[in-house]
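The first chain written gets the first letter, and so on, giving A, B, C and D; residue counts start at 1 in each chain.
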Amino acid sequence: MSLGEITEELIAKGREAFLNEGIEVLLGFEKSSSGFLKPKAFFSPDSLKTLCWDASASTNLAALLPKYRGKKIGILAPGCVSRSLVILINEGQIVREKLKVIGIPCPGVIDRRKLGPLKNSHFLGSKGEKFLLESDNQILELPLEEYLCDCCLSCRYPSPVIYDYMIQGKSREGATDALEGRVKKINSLSEIERLRYFQDQAEKCIRCYACRQACPMCYCESCFVESSEPRWLTAAPTIPDNLIWLLTRTYHLAGRCVECGACEQACPEGVDLMSLLAWAKQTVFQLFNYTPGLEIGEKPALGSFSYDDPDFFWGGGLTEEKKCCT
Amino acid sequence: MENFEPKIIAFLCNWCSYAGADLAGVSRFQYPANVRVIRVPCSGRVNPLFVLKALYEGADGVLVSGCHPGDCHYQSGNYYARRRLEVFKKLLEFSGISPARFKMAWISASEGAQFAQLIREFTEEVKKAGPNQEIIREKSDLEEFLNESR
Amino acid sequence: MLYLKLTRKNFLAALGSFSDYQVYAPKRTEDKVHLKEITILELPENLQFERCTHSAKELFLPPEETLFYFKRFSSAQKPLLDETKRLIIGLRPCDARALQVLDSNFLQGGFDDPYYRSRRENSLVLTIACREFEKTCFCDALGLGPDLLNGADAIIYDLGDQVGVLAGNTVLAQRLQAFALETKEVENETQVDRGAVPSREVELLPVKSPEEYFPLIFQDKLWEEIESACLGCGACSYLCPTCYCFDITDVNLGPVGKRIRTYDSCMFNMYTLEASGHNPRPTLKERWRQRFMHKFSYIPYLHGLLGCTGCGRCLEACPSRIDIREVVKYVATFTG
Amino acid sequence: MWQPLQDNPYLPIPMRVEEVKFESEDRSLKSLWLSFLTEGKREEFRFRPGQFIELSIPGKGESPFGIASSPEEKLIQITVNKAGSVTKAIHELDKGDIVGLRGPLGNWYPEEEFVGANLFIISGGFAFTTLASFTKHLLREWSDRVKNIDLVYGARTPGMLLYKDLLEEWKNNPRLNLYLTVDREFPGWTGLVGFVPDIVAKVKVDFENTYALICGPPIMIRLTIPKLLEQGIPKNKIYTSLERRMKCGIGKCGRCNIGPKYVCKDGPVFNFAELENLPSEY
């Protein structure tokens, strides 16, 4: 299916959601001035003219849901967004009935970081396995696969897990271990090298909280970083402060992160956020055999327990030798 | 380094581990004096931020101890703690913070001897790991001012 | 203003006489360009510098600044002014323009900010006229130019073997004069040899007068429409060269502590949230109105200069790819 | 227009807490009386009713408070509602404690404008602080320069009324018509009963050439304004004092602006003709 056809179908489904299902707002994308897609809330069926979707849609639209709390909402959802929605439903943030999901089979989205200096050029659209950029009056045809986010390369659920409408098309196949590779690489470092690596990441961070705002799971009305009683860390972006931010963020997202990669795309400073999150995902899976966002009704991994969870506590069930999972 | 006496913060649950520590004292079991105890209602109450904050403020090691599985005063608090702190401990390891700095344990109210043993072991481990330089806050300017203003 | 022509060699030699200054210049590390302390000898012969990823405000309003140290429960306190002499070279005219906006906030309006003043007065800012436009910058569309002196002490023009220096700062001019081939007193940039100034066909942005924007305050639909893409992060404000809003907090160590100021952003919920729970700017609608109006209406209204310099950093940083130029255009055509 | 107390407007002046007192029955409101540690500072500290200070608890932070004492009093009085971390720390203060003060900050009730006019002072709850300062000042220094003075002050319960001694004194002051009101009947309460806006509509006041000064919860202000407009008081003769989250207090940190006005230095006192043209961010 061509992009033009997808756009037509999207608009048709969006109209249907407005007219037949009575949604009050549709969360979708439109072209930004640079041709890359930007998120947009559509408030009427007539406004849908600019609605579109392509491989430059790097925002997880579920992050915009809290803005429209209480409203009946339509939302475009590739696999990762649909999984975010499942978690938000499970955590009581939204009600399934007030949600109309337009599912999109996802071929993956382009990584701003991999574009390097090209990220400021003009995005003309995708064309099969390639996408087009205009830079210095030249049109570049680049292979999509080389520029996809690591998250998309490693994605095992590119098709929506919940939806009310489904757009025809094919999802990306053949998940690689791009993300796992990043974790592996860090794991192969020595302890001090790992520390240096994350301190370097912390040094880049300016604490603009773009990662937090871009994340659908970070819906707390007030975040621990802003608490004044107690004050967990100072407002100054020093390395230890930023490290606390990065680690606690990772911990709060362990067993909840769907690896959409929106935080990494949002970060203006190029902090390696996904290595931490991918590590958390792997760890939660290894310890508790849990993958977040696949089933409505499920409890979050760290919001539940099992009597036979592995026990590494001093004086506990497992001895050193039995520590099989590490 | 030879004379390094680590600062250790221990979050002990009110119902078992705190009583266990108390028993260790009453029974006159010897253990190093490096531990400062903070009593918490339950090991499930321990937010990993407590651990990070303790390290950030200058602790060299942090211990969390609660009732053995099955013995929680609140039925299941320690089961939650077991899951969460396990992930958190591994996160510290992954990020390059010495794993010796964070320990989790089960100590019942009757395990005074075990508590003393645990503290001896943990203190030794933290000593080996050396002073916390991983995630401690920068405070040399404040220390300088503190000395000046004395 | 004084305009001087120097050979490159002499120019660098002249800079060498600022030996009591710390020298800062843009330096690339990996994919970022930051202002770093260097020695005069490290300056590139061709005086070409990349545009800084972060804006120059970092040296004047640092991300963390200690206002004073205090002893708790006592009256003892010790203020701290940064009086380091800095020679900052390689900034762009838009950076210098931003300094004028910061000046208007920190050095005008009834109160003086001693911390900012100290940093500003102890710094010499030498900008380089841009040789080409960046992909995202648009100073020309705001009626500004890539060859203007703005708030810099001097701007350097590339004249091949020579450099042209337009100096607004008399002390600096005097120092350079001894090394100059020729010197003349001028009124403005148009009277001097500026080398190859980049130019392009550009449509001026429809920026209105400050007062014309006022009635739009009450157009809720306009701001709702604009904010719909916004995630509410602070990337634009933190990277903006003219966003100066700050937070003041205390950091303690036992009986002593320090009061620090750090960046803050009007896009955050906490920014205006009161202890009672009341928030006068409860949603992104009000926050966007504030951000836009502050830059394009309130600052021009109060200080007579636009709050946007056209540096384009927010365009690059915005996770939602909001283009402030598009917002300006949208606001201009909004009819309710 | 503003005279900073010293070269560095961020540095608080040390103050000693001379007296503390709970003002309300629920102990949520506490008054502090402060004196200057440094000789001669009180004389330099010249303020007018309506201005505010930033009270600094080193280690906790700063918060803005309207000055409740009148300029003629030696001690500086503020009344603090326990709401956040700084106000909580202020409530814990006792006689002899050292705190910091920055100010006086902001503008004031434009008393020169009121010469020869009637004054109608309206307040509710703990927003009475700067109006109490103004009224004290008025009775002491200005009473021969204005005509009638009417004051309506209300609270939820009799126990929540601020400055009970002062109110008692004013009851017997012939220069002032005092109308105290509480939301509903209470045993032993002999004053008026009803919400402030209703009392404002009922009291017999000469609305000819009258200025209204009104401070209170937003809902009270919203309901009272129409009653004043009905009586023919123009918007530019109705003054109020606004509150916003503040940090620097000197118009630098950015957060307290309402349109091009900063509450901290162009305010906190505004009239409703001014506010009409500003976004309703308060």
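As a convention for this text, contacts are C-beta pairs under 8 Å (C-beta built on N, C-alpha and C of every residue); 3 or more make two chains touch, one makes a residue touch a chain.
Keep in mind that what you see is a predicted model, and the values were worked out from it rather than measured.
More inter-chain C-beta contacts link the pair A-C than the other of A-C and A-D. Chain B and chain C, compared by their mean Cα positions, are separated by 47 Å. Chain A and chain C have centres, each the mean of its CA atoms, that are 33 Å apart.
Multi-chain contact residues of chain C (touching two or more other chains): 71, 247, 249, 251, 257, 264. Counting partners per residue, chain A has 228, 234, 238 as the residues that reach two or more other chains.
If you sketch which chains touch which, the pattern fits none of the simple shapes: not an open path, not a single ring, not a star, and not all-to-all. Residues 228-229 of chain A are the ones touching chain D in the complex.
Of all residues in chain D, those touching chain C in their complex are 1-2, 4, 7-12, 14, 37, 58-63, 83-84, 87, 97-98, 100, 243-245, 247-248, 250-255, 257-260, 265, 277-279, 281-282. Of all the residues in chain C, the ones that touch chain D in their complex are 67-68, 70-75, 77, 79, 105-106, 109-115, 210, 214, 217-218, 244-250, 252, 257, 259, 261, 264, 266, 271-276, 280-281, 286, 289-290, 293-294, 297-298, 301-302. Those residues of chain C lying in contact with chain A across their complex are 31-32, 54, 63-64, 134-136, 228-229, 231-235, 237-239, 247, 249, 251, 260, 262-265, 268-270, 283-284, 315-317, 319-323, 325-326. The part of chain B that touches chain A in the complex is made up of residues 48-49, 52-53, 56, 65, 68-69, 76, 79-80, 82-84, 86-92, 94-98, 103-107, 111, 114, 118, 121, 134-138.
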